[in-house]
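In the two assemblies presented below, chain A is common to both, partnered first by chain B and then by chain C.
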Partner chain A sequence: MPLDLNLETPDLWLALPQFIVFGLAIALLFGDAFVARTRHFVWLTGLSLVGYLAALVALVGQANENATTFYGLFRADGLTVFLSVIILSAAVLTVMVSASYVERLEGRMPIGEFYVLLAFSVLGAMLVAAAGDLVMVFVGIELSSLATYVLAAFAKRRLTSVEGALKYFLLGIFASAILAYGMAWVYGVTGSTDLDAIARSLAASVGGDEFLDPALLLGLLLLTVGLGFKMAAVPFHFWTPDAYDGAPTPVTAFMSVVPKAAAFAATVRIFVQALGPLRDEWVTLLSVLALLTMAFGNIVAISQRNVKRMLAYSSIAHTGYMLVGLAAYQATGGTGFGAGAGDGDQGVSSLLYYILAYNFMNIGAFAVVTWLQHRGRGLTLDDFGGLATTHPLAAAAMAVFMVSLMGVPPLIGFYAKYYVILAAIDADLLWLAVAVVVLSAVSAFYYLRLVAVMYFNEPEGQPRQADTRLLDVGIAGMVIATIALGLFSTPIIDLADKWESALTVAGQVAGR
Partner chain B sequence: MPVETQTLGENWLVVGLMLVSAFSMGMLLLTLNKIMAPSKPSAAKAAPYESGMPDIEPVRPSYSPRFYVVAMLFVIFDIEAIFIFPWAVIFDELGTYGFVEMVSFIGLLFVGYIYAWKKGALEWV
Partner chain C sequence: MGELGVDHFLFLSAALFIIGMMGVLTRRNLLIIFMCVELMTNAVNLSLVAFGWGLNSLDGQAFAVFIVAVAAAEAAVGLAIIMALSRRQRTVDVDALRSLRD
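Up next is the complex of A and B:
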């Protein structure tokens, strides 16, 4: 029997930013193998920065696009663009933060391999953001995770690094298995792995209170568990403190943003785009998870004396705030925060803005920790004592990041929480909005304690001198972003509102 | 075929029942085993089976990870062969597009091969 193969050539230009990052990874691989070791630091750092910035520029070509290629596997829409901006800017910042750390601290780690793994992890996260198919989501998450596991173990001579990475690896692959199992159930019920086709199939069967397969709910539950592990939501967070504490500090900065962004990208793609008709089911699940995550992260962070562990628990708490944004998804469609606020669907827009804000302030906080490690200080709270007298600028930067993580106007963290709370109130989730406010007040304790230690304690020991120009520029950039992007949040939230183009197919069929 | 009508709450009940019954069944069997099975451990029972050898050295010796590198390289080329077989069978139907796809796939593996070679993964010391 002759096969009927209708193979059209995919539109390669549509995926240009992703191809640039892929080319960058290959170029770094060759650079690592063929460039002399003494030139690695300058050449490969420069190549990475140029590559990520070129990909950011190429994203302009995807703006206002709403197209799919590679037989539905790849989607270029508002969601792809916004998440790719976040992921690529996190990549640029990570390169700036990590270059001198990898080269000089912890016994001179191989910088070429570091950049190669970083590029593959970034590529995986970007592919999740652009996925139009369950299989693509899974492959992207795996590509991103596998590279991150190795990065977490990069300081291989330090046992805590290996220990944290092993826990991360074991729980991560366990979560991947659960995720794949959940996808299998969804595929079994709907008969397709294409996100839009799943939405169409569900919209036809779910309308009203008709028969709904319990197998589908089991799939939903498994997907929630798998994605919960990846985004470090309570009660699936157990790997987080050890992995974040053990990994080299710049890797921790990266791990706390990009895999989390990838996990939320997968959640939006799967839950909102494909399982949108099941909204009532998963919104309940996610709002409970959000409350647990916020409460646990904030309360446990109070008792931490190690700043990296404190930031790990704080990042768990921030996962909770992001989940509030997702739980506020209403499936009503509409304009989001744009024209005529109050009647649109604001949940996902607020989530996207929150990840962007979190990107700058969290990598910033870890960058200052890295900066201090270069100057011979440790990671405990006492090591930050008197920072304001010895290094006033670093102390000021850290204070900005802490206050922003806490959510004080006019910094970016305040606007992020503001939009999330607005979306939650609009979705009649008043109790969650109240929880965000109350738990932010709890978080003030440990964020402000660090600021107080820096400004009111006496410095101990003589600081070491170090030349970290790229890191200095990165921290300065993040301080400016933390202040400016909050003040000028309107264009950003308008850009975030464009995520809705991802819903075109599902929206038309479901009649929403 | 009459379609059963259930509310969403009842569906969650089914999932919950399944989880509870699976959990309690597992716990029940393990607990029964613990309570009812006779347990009389002795040194002879803990020894290896009569045809096995007693340990003469620690069971976790150190070995060269180089072995793994070669094994991994083997797997990569094994996978390549697995992909090339079905492609070769329907080569005519796939046409130019299929040819380009396979060339880029092999090209990527070749990049990895060059990297492994340059990094000394193929050197036996």
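Up next is the complex of A and C:
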């Protein structure tokens, strides 16, 4: 009997932004080989920026797209577009932050290879966001992670960089194996790797007062552990401070946003879209993880004297806030944000807005650290002493990012927490909402301590002069975004609300 | 003697996965930890193929092929990073990784 292959022509236009980033990575590889080394800085930096911006423009054309292609492996929907915008803007900002650092500090690292790895990591994260199948989620996460491991080890002459990368790598592949095992069990129970098909199969079999199939529960636990490692949730966070501390600072900025965004993209795709019928089970798991992560990250950050480590623990805490958003997911009965709301969910929208906000303020904070490293300052709190006297603008920018990370109105960090808290209250998770508020107050201690050190301590030594124009523009852009995107948060949260189109392809509504 | 079924392969795969996991958690040599993770990955492949056999679908095997490809890339990256470390300090013992601390 001949195999029935059901071949169809894939709709390549749906994947245009991803193809542009892929093309960029290949072009960078060739540029690295064939452009003279002296021109690498200008040409390859320019090529990267143009490539990512072109992909962003291509995304705008897909704003209202809602379709799948490549036999259901690839999806273009509201979730894909919103997450891809975050990932691509993080890529643009990383290029601006890293260009002069890679070129000048740490013994002149090969900038061409740096951009190639960056492009592949960005591509992997975008593929996770657009995944419609467990295989695609796995391959995307791995593409993104493998490139990031190398980036973390990029200052290979410095032992701490290699050591941090090694810890990141070992725990990363360990987590990947656990994640893959979880996927295998979900496949074994539901009979498919397609996210929509899994949801349909579960909707038909799960429900009522019956106990959950233990095999399914095992799969769920394995997936939670695997994704918990990738997003740096407590108790799966051990690698985070060392990897963030060891990596070159611009890479840390990138690592704290894009792999985390990819991990949350995978979590939304798998838990919400495929395992939606198991919502009651995973919401409990994620709420506990959220509380642990917020509490641990914020409390340990207080004792850190190294600013990079402090920001690493702060990023763990922010993972916790994001998890609150996810735990507030409601399959039915939510009130939704925005004008046309009435039915729908606030949890995932608030999570998406949070990642967008976190992108600007966190890369911004690491960008200021990079800016200071160019001027010969170190990474400890004391190195920030008197920054307001010697570099008033840099101090002001850092203060904006710190206050925004803390969650003070009218900055973007406040609105991010505001939406997460609203979603938690709407989902009857009052205790989590209270925890967000209390632990944000705790976080004020270490964020404001840095601000106080910058404004009230005396400066030490003469700073070095440095010309970092691209970085200056990047920091200015992030300050503006941190202020403006908070003031105009309503249209953005409306855009984030469009993620729900991910659930409406292929008649999946019935399964919700 | 009964017939060999999907369950047998699942038990074998679970055993291999747990052996690998124990190895990662207890061994101190980086290369052995790395090999234990590879063992876990291959246990996953075995599960996927067994499930695919039981479900009479090819998805499991296709997934396993992707995981093999990813594991090959992991090996390349991992060995490169371990090489870079052993050039800095002449050991591959995890307990020697102590330059980054709180």
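One rule holds for everything that comes next: the second predicted complex is superposed on the first by the 492 of 512 C-alpha atoms of A that agree within 3 Å, B and C clash if a C-alpha of one lies under 4 Å from a C-alpha of the other, contacts with A are read in each partner's own complex, and residues count from 1 in each chain.
Just so it is clear, contacts are C-beta pairs under 8 Å (C-beta built on N, C-alpha and C of every residue); 3 or more make two chains touch, one makes a residue touch a chain.
Everything numeric here is computed off the predicted structure, so don't read it as measured data.
By the touch definition at the top of the document, which applies to A:Thr490: first (chain B), second (chain C), both, or neither?
neither
What's your read, chain B or chain C touching more residues of chain A?
The partner with more contacted residues on chain A is C.
Between chain B and chain C, whom does A:Asn64 touch in the aligned arrangement: first, second, both, or neither?
neither
So, does A:Thr389 touch the first partner chain B, the second partner chain C, both, or neither?
In the superposition, A:Thr389 touches no partner, neither chain B nor chain C.
So in the superposed three-chain picture, is A:Tyr187 touching just chain B, just chain C, both, or none of them (first/second/both/neither)?
second
Once chain A of both complexes is superposed, is A:Phe138 in touch with chain B (first), chain C (second), both, or neither?
The answer is second: A:Phe138 touches chain C but not chain B.
Would you pull the chain A residues touching chain C in the complex into a rising list?
Residues in contact with chain C: 134-135, 138-139, 142, 146, 149-150, 153, 156, 159-160, 162-167, 169-170, 173-174, 176-178, 180-181, 183-185, 187-188, 191-193, 241-242, 245-246, 300, 303-304, 309.
Along chain C, where are the residues that touch chain A in the complex?
Residues 10, 17, 20, 24, 30, 33-34, 37, 40-41, 43-44, 47-48, 51, 54-55, 57, 59-60, 62-63, 66-67, 70, 73-74, 77-78, 80-82, 84-85, 88-89, 97, 99-100, 102.
Inside the complex, what are the residues of chain B that reach chain A?
For chain B paired with chain A, touching residues are 3-8, 11-12, 14-15, 18, 90, 93-95, 97-98, 111, 114-115, 118-119.
Quick check: in the complex, which residue numbers of chain A touch chain B?
2-3, 5, 7, 9, 26, 29-30, 32-34, 209-214, 217-218, 221, 280-281
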